[in-house]
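We call the chains A, B, C and D, going by the order they appear; numbering starts again at 1 in every chain.
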């Protein structure tokens, strides 16, 4: 096998992003796309080029030529599709989160393990060249033992309320990326989570019992302290910065401006705005993550972001929500015990 | 009066810094310096230039020509000298903190108020050109209402253990500056304090029941969330950064490198190290703060940093210590009630 | 026509780059590739995918389905292929320079004009997002009238001597990009050229009667003064910066580092190296330039970089060489007169 | 002698700057100030503090207690005062240029040599922490042999016409600093000068037969090529940058902004303006240069900027003017021969 034959389930925004990247990659052959709504895809260039467009996922799961599926449908369907795919021995790339329910995620992962297929979770930021270089520097010992890990993660604008309602809440929808990044950068597990959060941007978000502004403290097993700050609305743009402070130094990644151009005049000096949002900022990371997934299948390379990584980020999101609601530090063991019952 | 006639009590490191700046300023006349040890000052250039060198502070307090005193002696003497100076109607510049004891600070401030003298606390960072510009931008509404306030404050190396023992602990000695900065930048009062702290750098510090690494969450009355991160040892230098994120934008102040020089060669591109420590980094701020103190006396300008500001920072330091020891969020009202009994 | 059917002549480094970008673009259909050596292409993925691999350019020029050709062969063949392509009414994308000979270039352009086909010259830097934004800012009047235009253009390492020998000399091979950029940024024509150049890097380059280090002054019709500095070897990487200074301000584009990561430790603070060389630095610009070429054909958009632009840059390279050899300022009219005889 | 007793001749803007720095320095005792106009100084704080205010320089030259003089009067008086001071064995700090006339400068230097006194020229930029660090890096071999030296030097606004008229022209008044910097950074002598200059800013300057915009090429003995670009009016502020490119790397010094503060909002990201003009930008350099002068007297340290350095910069200014007027490269030997007649 020198190409992975794939199908994509879910042709919304993120599904279309992956379809585009799959088509550009030399490691993939796209055989089918499934969605509940397929009218807009009928007669498209995709179909012309011989890709099967179907509303029935059975066309995918029962096709023995398909090696792997990309699950890009709505979150409530993820776990079910993972289980179905695993049972027919297809490798799985699944968008985050696996589910909103810890039990469901556990069941899905169990099936993946049993069937010995690869499951990669779409934590694309691990593949960002800036962030992965920070992690490299940390792992190579350039800054010694991590002591303070800081993640700034602010969206340019709050999502529409319809999205908020089915998002699982800010922690599960947005901070989950930062939880994953915190684990990735610290190379350690989180012991407890403490949240100060508020609804400062859009009162409608508050009405959904969700928050839009938060600072989150994490304690790690290796002694490091983590701090994440989130906002659903940074009017100056998509603010994505990280730093890892260790006993031997500091490594940090700053934002990316659109260009390096400066204009200086009587009014002052201005630099370019930040790349607009995740599709721009993580453009290359999205390309990179699917290359790695293909290599895990074709060359047996280890997964950079496994199902277990997905599960742990979900637990952290859950702990954060609990900390916010109960206004106290929540230990991860509380959740782990709770969920093994 | 076109010059303020002053005396300095305490001629240690910080006292000598103020003496140097007083001599360079056109707003001051230095008349006397008192210290418990004066041998090193006898026969010095200061004495030659006609400054009284004395071991007896009565020489200062009883001299009607002296308008103001700079209290730069050890912390345990601050409150007593403040009271003594206030009673003889001298204006007071006092190094932080006023005391390690909330009651003592309250008594000193009461006496200051009763005698209607000016008391400025040495929170020099309010006078740093970078930080005061951040506050200006915030006050001018450039970033709207503050929502997240971040302060990074890391010393280049841990103090010697002798210093640690009499420092009052990291929160009272070091973080107190950041607590003051947080109040200054938010233009709001803190409601509660949550601390995650550890002893990661020097085990000797732990033996003194002190910490050397901390991340501190603050909730403000105006809804903003604050986060301070501290380390007693940043091997790359004195790391002093702030940012205020508001609903209309972000204002931030980055570190100052010694020069703007870059060297790029086959080994990579390197920039200059940070200014070494507070004497370098806040060199101009130290000059500026005493100019403002003089102007408060000569021109009746309002104090930028009053005794009340000092008191509030001390309360925050105390709350931080309590939060750390009791592993919980501490409300400021707990302390205020406690201390009014 | 919603795709441009193209053939590529010359499958060396730059030809392969264009082939890759053509395949990724949705605006092209690649029908054929010609090269004098085709052994390495036989049986390749290209051929498998149905692209004709041929050693005979007649297969291209005589194919009525082919709308446009990319000329990526050696410089001595450019003018001939342009003429041949124009005569069979194919649009032309040609790598720079058109030729080393002013007369030859003129003949090729005349044929292009006569046959009314599009000719785009491969001055890819016009499509660099940083540089094109500088030009936008200038054209929008953000900096007023240009007065001083500065271009720094230094290669990371000197080419091999075999390359130097057939390069046409540094001015024709390397500076030609900067001459084009100077015209692009000034929006004006050059009146005269003054060169100080030397052979400071590799004595072998000197033996080829070529230079490796130069500073070039340009006088523009609109009064602006230009200055280009070149080196064949910047050990710290590919240094590509521009600035335009006008009566109302300055606009500048700085280098691009590989990532935004900084590592600060006791040894100092280091930032990432520059993007390695033109294939990295202008990666996106190469993609962009062929999109524009396709749009000039499909949508009749104006060419960003025409044959005349190529001709003018060649004249400037020739003037620079003359200035260097004769150690004097050379007026462009000298060359224009000379070449119209 | 542990302090240098000095007098200042000329109490205009630059004289007053030096007076202020002399008073703040611990290495000087200011005994007298002479000026043709002294009314504004009578009754001033200076006089109150015991400094002699005089209109008669004889009071200075005949006072045996005065070790050194600062010559800050108008340029036409410099050479005469240097000669007078040297003859009475006083060390001399003289503002640039020594004179507008090569012969006059030579005579003054001859007298200085004969009387074996120290003469320092006020090329303050050698003492700028950024620029001196660039020179250090170069001298320490961090970038190997210099090959291209670039100096950007642009004033924030053009001087008033009255000033232009008696300035000696832009090259002698403004570029002279850059000529000195070029020699300092290259550690080599200039062989020839080529100028492209124009009158683009203020037509009144052109009426004075002066220029306001120039790019200047220098060839150095060690093979390096230098390029200076000047403008009398950079609307965004005082633009002072240098870079030295060598066979082993690049060292550069960028501008200094007033603060490190950034404001990012919907309108974009803006950084602070540059330090306003030379009094701000070179504030510390002015302090530093007189410390060095004192040390050359008190501790016999070598001068950082000698009379010969002044003379060479004047020759370069003269060569630049000639190059501009005659539109050709001017060799320094032309001037040296000419002036030895």
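Following the convention adopted for this analysis, contacts are C-beta pairs under 8 Å (C-beta built on N, C-alpha and C of every residue); 3 or more make two chains touch, one makes a residue touch a chain.
Just so it is clear, the model here is predicted, and its values are computed rather than measured.
Q: Spell out the chains that contact subunit B while also contacting subunit C.
A: A, D
Q: Given the two chain pairs A-D and A-C, which is bridged by the higher number of C-beta pairs in contact?
A: So, comparing the two chain pairs, more contacts are at A-C.
Q: Whole-Å distance, subunit A centre to subunit B centre, using C-alpha means?
A: 43
Q: Determine the centre-to-centre distance between subunit A and subunit C, using the mean Cα coordinates as centres, and give it in whole Å.
A: Each chain's C-alpha centroid was found; their separation is 40 Å.
Q: For subunit A and subunit D, what's the span in angstrom between their mean Cα positions?
A: 59
Q: At least two partner chains per residue is the criterion; list those residues in subunit A.
A: Residue numbers touching two or more other chains: 235-236, 248-250, 264-266, 272.
Q: Which positions of subunit D touch subunit C when the two form their complex?
A: Of all residues in subunit D, those touching subunit C are 145, 147-148, 150, 152, 154, 194, 196-198, 200-201, 213-215, 217, 219, 223, 225, 227, 229, 231, 233-236, 239, 245, 247-250, 327-329.
Q: Quick one: which bits of subunit D touch subunit A in the complex? Just the residue numbers, please.
A: Contact set of subunit D toward subunit A: 235-237, 257, 264-266, 268-273.
Q: Give the list of subunit A residues in touch with subunit C in this complex.
A: For this pair, the touching residues of subunit A are 24, 26, 129-130, 133-134, 137, 142-143, 248-256, 258-266, 272.
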